[in-house]
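Okay, so chain A shows up in both of these, paired with chain B first and chain C after.
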Partner chain A sequence: MENIQPNDVLAKAEFLRNNLSTGFRDEIVKSLYSEAEKIARRAVKTADNKKYDFDQTVDRLVTSPIVGLPIMVILLGLVIWLTVSGANVASEAIATILFSFGDLGKNFFNQIGAPWWLTGFLWDGVYLGLAWVISVMLPPMAIFFPAFTFLEDLGYLPRVAFNLDWMFKKSGAHGKQSLTMAMGFGCNAAGVVATRIIDSPRERLIAILTNNFVPCNGRFPTLIMLATVFVASAFPAALTSFVAAGTVVGVVLIGVAFTFVMSWALSRTFLKGEASAFTLELPPYRRPNFGRILYTSVIDRTIFILWRAIQTAAPAGAIIWLLANIPYGDVNLARAIADWLNPFGLLLGLDGVILLAYIIAIPANEIVVPTMMMMYMGAGMMIDGPSSNAAIFDLLVHGSGWTMLTAVNLMLFALLHNPCATTIMTIYKETKSWKWATISVVITLGLGFLVTFLTASVARLLGWT
Partner chain B sequence: MTNTKTILPTEHCETCPAFTQLEQMGIKVGDFDRVVALAGNPNTGKSTLFNALTGLKQHTGNWPGKTVTRAEGGFEFNKLRYKLVDLPGTYSLLSASQDEEVARDFILFGQPNCTIVVTDATALERNLNLVMQVMEITENVVVAVNLMDEARRKGLEVDARSLSRDLGIPAIPVTARTGEGIHTLLGAVAEVIEGKVETKPLRVSGTPEFQKAVNELVPMIKQLAPGIPNARWLAIRLLDGDARVQKAITGGELEEIVSRQYQQDAQFSKKMSVEGRQ
Partner chain C sequence: MYYIVAGIVVAVVIFLPRMGLLALYQTYRAAQAREKVEDALKHLLDREQQGRYASPESLGGTLDLPRAKVMTLIEDMEEQGLLESRGNDLHLTAKGERWALHVVRAHRLWERYLADEARMPLNKIHGEAQKREHSLTEAQLNELDAALGHPTRDPHGDPIPTREGKLNRAEGMPITAWQVGDPARIVHLEDEPALAFQQILAVGLRLGQDIRIIEKTPNRYVLSDGENEYKLAPAVASNIHVAALPESEMLKREAIPLFELIHDQRGEIVILDDAVQGFTRRRFLDLGLTPGTVIYPELKNFFGDPRAYRIRGTLIALRKDQAAQIWVRAVDK
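And then the complex of A and B:
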C-alpha cells in the first residue's frame, strides 16, 4: 500500500461507517454537549439580577402577539415621519442653493461666449442631473439611515424577525427572511447578499426573488416626494408631514404584503416545499455606540449610495439633454420616444415620459424622478429648476397633465418594478444563474405592469380620473 | 492609509513580560508575518473585536448573521505584522448554510496560524460547542471570552482560568467594545503561535468503537497527504459522510494545503528562527 489513492480512503471510510452502530453520530453530539455543560458550569457563577429581567420585560412587550406588530408599525411610522418632515426642509434648501449656482454657471458661460450646446450639455444636462439627485436623495438618506442603524445596533431587528416568523412560515418561506427584508430597506443588493444566512436553497431563492418588494433607499425619495407633493397637498398644511409619512408607511406595508403573497405563490409553484425550522437568538439590548452609528449610516450607507447615484446621474443627465436636443421630425428625440411609449404608459395610468425615465434609470433607480423632471422641463414647459414642492406640483399637474392616479400608480410602480442593475447582477452572482436573475426581473416587472394596469382600469371604470 | 493610530496598553504595563504595542493598520495587509482568524457564534462581537484591532470600520450590528463574507484587515503587535480575518458567525462547523461554509473552509483550508474563537460570556455553554469543534481541527486556538461587561451587568462571574484549564487552551476575558483585555489576548495569541504556550486541546472522543474506526482511518489520510495537520478531524468528518471533505480529498485540496504548510513553515522559521518546529 505504498501508493494510496484518494478513493481508497473514501472507500475505507464508507466501509468503517457501515460497520458502526447506527447511533454513533448522536453519541458524539451528546458527549460534546455534556462536556460543554460541565465546563461551563465550572467556569460560570450566576447571581440573581434585575437588569436581565428588564430585558425580558421589554421583550415580552415588543414580541407580544397582541402589541408586537402595532409597535413595529409605529416605529416604522416614526422613522419615516422623521425622515419626511426633516428631509422636506433640507431638500428645498439644498435645491435652492444648487439651482442658483447652476444659474450662475450658465450665465458665466453665456457671458464668455461659450457655444450654446456646451452650456446646455454641461449645465442643463450633467449639472442639473447631479443637482437633482443630491437635493432629492441626500436629506432623506441622512435621516433614515442613522435611525435605521440605531434600531439595528439596539438589537431590534431579531425581534422583528420573531414577530414576522409565523407569517413567513405560513407563506412557506424562512423566518430569517424578515432580516434580509429589513436589509432590503437599505439596499436591495445588500438584502440579496444577506440571504446567505438562510440554509435551505429553496427558501433562500424565495428571499432573493422577493427582496425587491421592499423599497430601498434609492426608491424612498421617489415615494416621499410623491406622497408629499400629491397626497399630502390635499390636506391642511399642519397635517402634511403626517399624511405623507402615513402614505409612505402604507406603500411599505403594501410591499411587505406583496412579499408574503409572492413567497406564498413561489413556495406553491416553482419552489415547492415546507418552511424549515430554525433557532433565532434574541440578543440582549445593547447601548448603541453613536459614533459608530454615524459612521456606518453616513459614510458606509449614505455617501456610498449617493456616490453611486451621482455616477449614474451625470451620464443620465447628459443623455437626457442629448435626447431633448436631437431633432427628430418636427420634435426632438426624447419627445418622439416618449410619444411612442405614451399609449402604453397611459394604459398603466402613467405616461410615456415616466416609462422613458425608467428605461434611462435602469442602472440606478435613484434617478427616476430627476430624469422625469428633466424630461418634462426639457420639453420646454419650464425653464428654471423647480425647487419647492409647489413648483413641482405645478410642473407635473399643469405642465404635464398628471392626476392623482398618475401619482398613486407611479408609487406602486416604484414599489414593484424591476430591480436596479446592481441588484440584478448581485442576484446573478449569488444564484450563479441567469435564469433566476431573469425570473426576478420578469416577476417584478410583470407584477408592476399588472397592478398599475388594474388600478388604472378600475379608476377609469369608476370615473375617478 | 497614513492615519494609523497607536493604542497604548491600558493595563499594568510593568507586569507585562515585554512592553507590548498594538498598531492598527487598516486594510494594509500586503506583507504580513502571521494570519489570525476570528471565529465564533453569531452576534458575539467578532466584528467589534476586528474593528478594535485593525482600526477598520467593518459594519457591526446587534443581530445574528450580519457578517456573511469574510473581511480582512491588519495590525502590528510587538513589531510583527498580523493579517486578521473576520469570519461569519456559526453555531457549528458541520456546515449547513453558505456563511457557515465560509467560516469552516477558512479555518480548515485557509490554515491560519491561530484561530481566536470569540465567545459570549453570558451564554458560555452554548458557545463552547463551537470552541470544541474548532479545537478538533487545530491546536492553535485561543478563546476570547467577550462581552464581559454584559456578563457583569447580569451578575455572572466567569472564571477564565477554570475554562482555560478544562479546555487546554488559553482563555482570555475581554470586552471588545471598550478594548479591555485586548493586549492580553494578543499576547496569548503570539505565545501560542510561537509555541511558548503549549496547548492541549480537550478532544471529545465518542464511543470506543468509533475511536477505533478513527484510528484506522487516520494513518491512511496521513499517508495520502503527509504532514497534514488535522488528519483526525478529517477522519471524523469522513466517517460522518461529509460531502465537502470528501470533495477536498478527491479534488486535491489536501495536497495544496500540505505544500502551502511547508512553504509557510520555511518562511516562518527563516523569519523567526524558531527551532524545533516542523
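And then the complex of A and C:
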C-alpha cells in the first residue's frame, strides 16, 4: 500500500475506464434521480391539489392553439395602452413643474447679473435637456416596467417562448430569443446581456444582432408621441388612447416581423446552420410579489435607466445649446448641419433636423424627441415646450413642414435604426468582437435607410405626399 | 535617403523571421506539405484496415494529384521512413502507422467535439474535422479527449484510436457460429479468398448492415435485413463476421419516439438515442429524462411544435426534433 505513485493511479483509472459501459454517465444520473425520488416519496405528501389544476387550466388557455396567440397580442396591447394613456397626463404635469422651475432659475440668474451665455448654457442647455428627458421618460417607464415585471413574475414569459418557438425554429433561431426580446422592451443592452440564456453560440449571435428590432423604453416615447399626435388625432377624443396604443402595437409587431426575417436571413448567410436542440422548462405560476415587482421595476429598472438617460441628456442638452448658439455664416451651427443633412433626410422621407437629432442621440435614444423639438422651436431658445398635442402637431406640420410620411417614416426609423452607444458597447463586451458590434450597426442602419427610402419613394410615386 | 528607408522597410516586411512574408509563406507551404502527407497516411491506413494495400494510383485518386506528384510524395515519405513500396503496394511502416492513427484520432475526436459541444449538423462535421485534424499536437489531443470524456466512437460509429494508438475493432464472429433468428450487425467482411468476397458484395451485403439468419441448412444460408433476402453458400457465409446489435439498438426496437405519444398518453422512457451525446444529452439528463421515468404530453401550441411534456411534476417543452431522440414505451395511467 505504501508505494503507490500518481502514475499508478492514472494507469489504473485508464484500465478501469476501458471496461466501463458507454452508458455509465446515464446510469449515474439515473441513480441520483431514483434516490431523490425515494426521499421525495417519503417526505412529500400530495393532497388534493387545487393549485396544480388551476395552473393546468391557465396553461391550456394561454398556450391554446386557438386563443393562445391572440391572448399574447392583447396582453402586449394592454400593457402599451396603460403606458400610453397613463403617461400622457403625468408627462404634462411633470413638464409643467420642471419648466416653471427652470424659469425661476433663469430669472434668478438674470437678477444676479450672470452673463447671458452662462444662463443660456446652464438653464436653456443642460437643465432643459434634463427636464425634457425626465418628463418624457419617467412616466412611461414607471408604468411600463411594473406592468411588464408583473407578467414576468407571474411566469407568463416562458409561455410566450413556447408559443412562438416554431417561428423561431423556422428562422433558424432559438425560442428563448423571445425572452431576450421581452427584455429588450425595457432596454436593448439588457436584452443583449440576457441572450446568455441561449446555449448555442450561433443562435445567441442571432438574438444579439436582432435584439435592436424591439423598441426599447428609450424609443417608446418617440413612438407614443407620433402615434398620439399624428395617428390618433384623426379619431374622436374618446378613442385617442386606444388608437395610439394600437399604432404602437402595430409598430412593435412590424419590429417582430423584422426580427424573424433578419434571423432567417442571418442563419442563411453569416451565421449558417440548423436550429439546435430546444428544451425549455415552463415553471409553475407564482403569485406575484408586489413588493418585489415595485422594487425591481422602480429601482433596478426605472431609476437605473433614467439615471443613464440623465447622464447623457445633460451633456447632449449642452451640445444642442452650443450648436444652436455658435454662429455659422448667417445661421447657427445646428441649422447649418441640419440644412446640409436635409437633402439626404428628404430622400428618406425625413429631414435634416431628424437626422441631426439621431446623431446627437447616439449615446441615448431618449433625447431624440427633445432635441428635435428644441431645434424646431428656434434652436435652444425654447422657454417652454409645446404644452399640448395640438401645439406639437402645429409646430411639426405648419412650422417644420412635416407630413404623414415624415411621421410614418420616423416611426419606422425609430424602430430600425442603429443601437445606442451603450448597446453597441454591450454587444462588444458580450461577443468580444468589434466585427459583430460593427455588423449590428451596419445591419440596423442599412435596413433603416433602405426601408424608409422605399416607403418614401413608394409614397411619392403614388402621389400620397 | 528615402529609398534606403523604404528598401529597409520592404526587406524587413519580407525577411523578418517568423512574421515576415517569406516566413509566413514557408509556414504555409510546410502546413500544406504536412497536410498532404497526413492525408496520404490516412489513405494507407484506411486501405490496410480493409485488408488491402494502397497503390500510387489509388493514392493519386484520393488526393486528386497527378502521377508525377504522387511519385515525389511517395519518395519523400519513404525517405522519412513512413512507408515502404513493395512492387505496386504501399505498406505503412510502424512509424507511419503511428502517425496515421494520430491523424485519425484527431479527426474523430474533432468530429465528436463538433457534433456534441459545438452542435454542428452531422453532415457538416466531416468537412470541418478534415480542416482541423492537422493542427493539434499529441498533448492537445489528449486534453480534448479528456474534456470529451474519453469517447470510444465518433458520431458515425467508427472507433476512435486510443492514446496508445490502439484501434479497437468491433469484435465479431463468423456468421456460421450465430444463432438463427437473432439480430446481428455485419462488422467485418473477410476479403480472402477474393472470390468469396466478390460474391458477398455481389449479392448486396455491406458493412454495418443489420441482418438475421432466417434459414440455415448444410447447403445454404438465407439472410434477411427485413426487406431483402440474401442466399449464400456456407463457405462464403463464413467470411461474414457479425456481432450483436448495440444494446441501445435492441431497446429501440421495442420503443416509439416520444413525439408519437398522443395527448395525455403515458410513456415510460426506455433510452435516449445514441445520436444524442455531449451537451444535449447532459441537458436531457439534467432535466430528469432518465430511463424508467414516466412522461406524457400535456400542452400543444398553435403550430403543434414544440409540445410541453409533464415529467416528475414539472412541465418541459421539447421540439419535435428532440422528442424524436427520446424513446418511450406506452404505459397505462
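Here are a few things to note about the model shown:
Heads up, the rule we're going with is that the second predicted complex is superposed on the first by the 410 of 465 C-alpha atoms of A that agree within 3 Å, B and C clash if a C-alpha of one lies under 4 Å from a C-alpha of the other, contacts with A are read in each partner's own complex, and residues count from 1 in each chain.
What we mean here is this: contacts are C-beta pairs under 8 Å (C-beta built on N, C-alpha and C of every residue); 3 or more make two chains touch, one makes a residue touch a chain.
Everything quoted here is computed from the prediction, not taken from an experiment.
In the superposed pair of complexes, A:343 makes contact with neither chain B nor chain C.
In the overlay built on the shared chain, the residue A:12 is in contact with chain B alone; chain C does not reach it.
Shared-chain residue A:162: touches chain C; no touch with chain B.
Shared-chain residue A:286: touches chain B; no touch with chain C. In the superposition on chain A, contact of A:446 is made with neither chain B nor chain C.
Between chain B and chain C, it is B that contacts the larger number of residues in chain A.
Judged by the touch definition given at the top, the superposed model places A:327 against neither chain B nor chain C. After overlaying the two complexes on the shared chain, residue contacts for A:199 are found with chain B and with chain C alike.
When the two complexes are superposed on chain A, the residues of chain A that touch both chain B and chain C are 17, 25, 33, 37, 158, 161, 199, 280-281, 283-284. By the touch criterion stated above, chain A contacts chain B in their complex at residues 1, 4-10, 12-13, 16-17, 19-21, 24-25, 27-28, 31-33, 35-49, 51-52, 149, 152-155, 157-158, 161, 176, 179, 193-194, 196-199, 280-281, 283-286, 289, 292, 295-296, 299-300. The part of chain B that touches chain A in the complex is made up of residues 42-43, 57, 59-65, 68-69, 88, 96-99, 121-122, 124-126, 128-129, 132-133, 150, 153-160, 162-163, 166-167, 177, 202, 204-207, 209-210, 213, 216-217, 220-221, 223-224, 235-236, 238-241, 246, 249-250. Put simply, chain A touches chain C in their complex at residues 17-18, 22-23, 25-26, 29-30, 33-34, 37, 56, 59-60, 63, 65-66, 68-69, 158, 161-163, 165-167, 169, 175, 199-201, 273-284. The part of chain C that touches chain A in the complex is made up of residues 118-121, 149-150, 152, 162, 247-248, 272, 279-281, 283-288, 290-293, 298-306, 308, 312, 314-319, 321-322.
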